[in-house]
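So that you can tell them apart, the chains are marked A, B, C and D in the order they are listed, and the count of residues begins at 1 in each.
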């Protein structure tokens, strides 16, 4: 591991915020200081400079050991969130497996107990049983193959019930997949440090990828970086970053989020090198309300120190044509242009 | 484009509100001013006087360029929100298309491999295959046409599974359509500027179109208009408007929302001509809770300068009959009568 | 109508609360007073002393005139909220009607085009068509009656698709009915005015009727009564009532809600006769979170002046047996016993 | 019952919090004091020292008497929350019962009215009717047994409709079971009293058992214990406990919740014996947002006085391997090690 020189902790007062909901534990200043320390939930022990806290897909960079089988499987979540191609593949596979299983059972129960009008076409008892199983499982039941014994009748009665349940399950899964609220928010690939009014600002840009509307969009940004305790041990520290604007009611086009680097900012006076040395990562949480289903959706993202462009600002994404119509070009989200910092 | 004379920006102090949740960035007054500027999310670049920000159906007046195919299609949203007639039409079309596709496949696999008790009635191999497909897809499977080869049996087994999935999908879509929380709030066609107590007020009126109850109804109104920066460039500015009352617990009859035009109002001293010249638009967001499903629903609307009647007030919508019963007449929502402004 | 003497309006200051979210419209005291007036959404025009605002089932006592057909029908809401017996009756009726309709169509298309193995048993072409329709609609398709012409095959193909859609609809409706979040909160039949600490209190009592848990239960109580304007015209006025406790985290047994009648209360100094003369009604809204589905549920109720017992207090509902187990007896919810007011 | 010596009530001022939402009822100090008393909803009458308020599975320890049959049954809740094995068992049982019922009806209607191609195989009229019923209920309808009279046709038409409804119900139940939002949060088996900064703290530890993410996790802890009124009668009292941190945005690994035992804490100066004598129980409510479905989930738990380890602290659960990857070991959740209190 290379040696890192974490940023020396700034005095706390700059980010000290009043605690409106609880009493100050006034007889211990240490307890009070600890209550003021911001933590987004990762804890202070992540001092490895090579990995990030939040991956680009929004997942967390933490392995879990000794999870139970069912918790690890997390079947419903997996079936709901997996790719459509995989999902349909699993359905097909499951359908085939179920039919092979029941075909085997019918063969064991005596294939002669399934009577068909034209048994020759199936090229063998197994396939007759297989197609009979498929016709039973889907309840299509043409009747050109029928169970011809008590046992096969009973198996078929059970299988058709199972088929209905499996279908019920698929119905639920398909609905669950479709109706799951997901925020399709695209983040600019890079954040920038650009001039902002008479100071500078740390900025990134988001846009709604879909044409369904999001309302009441809220953004929360935290800075995570390594600092050293008075005794010299490195620890990870978190700062909530003030934003020029944390919420918009409507979100019809792009939105550039700006953290003004004023003297109160933990970024005040920082250079690109400082961010790199302290393994800085900007953690972002977006909350919004999907207008179609009136459900709250979430979106996580992070920018690491090496995804920040200094001395560049974002270009304009919107156009106004001759007729006065505004259009926003999603492909221009990542466009930046040079800018001189204040 | 005609020349417009945007309203000169009023000094900020009137609408300056304290920021309870964040620190004042005290070392840059410009940053502080910018934090105070209200923006509902459209940005300042909409300076075209001919188009509105929010269309009458609540959608936004912004085109999107370079959206990806799937994001543009937005299939689920589209199927959920389209008109019932179109929806049922698409279902029928899809059913026909699926049957035509599979009929073709069966014919290619050899129509003689589908055996019927009375093949003559179908007037050709294609239609026999078509009706066999329909009976397979819906799993009705009468059995008077049956697959009579390995290949057609396999295709039919696949088709019946596909039929079940398609049906599962339809179940989900139908439920999604029915259970989607929608606020059926009707807005008065016109807003009015009418006398209000000892001042005047900008008012509009809403009513719940449906008999299911809405509770905890909240209304937020913003004024959007063109103003000029000190350097003379026009830009769009937003003001949150104070309302006499922003929330009601119950919403059993009509509700007239009033913005009192006191000296703190950005409308103070404005004339109809001022509103027109500054391309003023009033943006409205209603949030409510649907009582049946306890879901939060939303509703957007806007009034442009040319949808405001001056010197008129709203008429009474409720009647009390002999027996003392109150009734509210939805047809009277838009009724106004002359009134002299204070 | 009998003559009523509405209570003279108390001076406003007692219930004047600070408005934290908006600026005082300081240049018009009338506007400011109006902003402070509480209104739960019914408005001031309900001056009829014979009817109540909220019916005992939580619905509002307002007729709606000129509602559109679909809004009045409000089909989904109606099907979701109606009694189970009615609901199943409608399903059965719809099934019969659909079969009668299609039977008629098949007969018109030529009943001889449906071929059965034993046509005699149906006692006529209509019933053969009827049962064929039922077997098609449910996709059971035994195959002992089959379509035997192009036309009847096409009708059957359409009907089986319709059957699947109808079934999809039923699936959605059944799920919607079952999963609808409903708060089964039982209110004591009567409210009481009883001694409370060193003053008196207006009290009512609620309990969760079901064994599924409600958490974060919040209660809001408003008093509605007739008062007279300075010019003598009666109008309906609303007061939010302070409660000893407005929220509990858990709701495992009964909860007595108390409005302490201190000098700030609009009930201070009121007699039973005052409440009656001013047509007083106590409007109650309960919000809670259903623990099973984590959904917010609502419940409305009201007590009119004639549903209040004076000089009585609620009896104890809980028992502790020998083994120390606590039990709560739902039948004792309405029990009251005499009590002398302070 | 053994004699218990409840803790003497501490003076109220330490936990008195400002009431922001309502006026102080200033003319009765008793009313004001009562408004300040914290109560999580159990009331003050639970003075039995042998039972706990919240069971380990999160249910409440209160029996309910005279609940109505349907409220007690609470069918949907029960079917949704029961074990999968029981659920599938009930489905199978219901399927068998339905078939036995209809088989009996068909036999009563004349078993000769069901015609099969091979009646011998069923070993009797009942089983022929049973399998016909199964083929009708599941709508598989092979057609090798068919109704051969008006009456049996009518019964079959009814049964197939019933089958579809039962299947619709199962679809809803399966979806409801799968999509029910549940927080799988594991609590450490024991709470500890350990040194915390320069004071001591009461601590417990939680972790998300599943790999789906929870965000905006909020924790609320109340202390419940027996105290004595001035007249010597014991009553149960509740205190909201201040926590070092009540909310985290992300919850990727374990979280140790700390109540600092400063002089304001109701635990200040308490010994293990005090907690035992006053039958102390710590009530915990966790609220979080499930990231997959963006639904709010809840979790209840409690620690009784005999589930608290004194002079021990929690061990570390996370490891950082050579490559710098962090992993968290779920099996170490309950690990504690000795620690000397301040």
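Rule of thumb we're sticking to: a contact is a pair of C-beta atoms (placed from the backbone, for glycine too) under 8 Å apart; a residue touches a chain by one contact, two chains touch by 3 or more.
Just so we're clear, the structure is a prediction, and the values are computed from it rather than from any experiment.
**Q** Using CA atoms for the superposition, what rotation angle relates chain A to chain D, in steps of 5 degrees?
**A** 90
**Q** If we define chain centres by averaging CA atoms, which chain lands farthest from chain A? Would you check?
**A** C
**Q** Same or different for chain B and chain C, where same means more than half of the interface numbers show up on both copies?
**A** At the contact between chain B and chain C, which are copies of one sequence, the residues are largely different (under half shared).
**Q** Where in A-D, B-D or A-C does the C-D interface recur, with over half of the contact pairs identical by residue number?
**A** Checked against C-D: the matching pair is A-D.
**Q** Roughly how far is chain A from chain B, centre to centre by C-alpha average, rounded to an integer in Å?
**A** The separation of the two C-alpha centroids amounts to 27 Å.
**Q** When the centre of a chain is set as the mean of its C-alpha atoms, what distance in Å lies between chain B and chain D?
**A** Centre separation, chain B to chain D: 38 Å.
**Q** For chain A, give me the residues that contact two or more of the other chains.
**A** 135, 139-143, 167, 171, 175
**Q** Hey, which residues of chain B end up touching chain D in the complex?
**A** Those residues of chain B that touch chain D are 139, 141-143, 171.
**Q** Taking the touch rule as given, give the residues of chain C at its contact with chain D in the complex, in rising order.
**A** Interface residues on chain C, with respect to chain D: 17, 91-92, 95, 99, 117-118, 121-123, 127, 131, 134-135, 138-144, 167, 170-171, 174-175, 178-179, 184, 196-199, 209-213, 215, 217, 242, 244-246, 248-253, 255, 260, 262-264, 289, 291-294, 318-320, 323-331.
**Q** State the interface residues of chain B toward chain A in the complex, per the touch definition above.
**A** By the definition above, chain B touches chain A via 1, 21-23, 25-28, 30-31, 34-35, 39-43, 45-51, 59-68, 71-72, 74, 76-77, 80-81, 115, 135-136, 139-143, 146-150, 153-154, 156-157, 160-161, 163-165, 167-169, 171-173, 175-176, 180-181, 220, 222, 283, 285, 295-298, 300.
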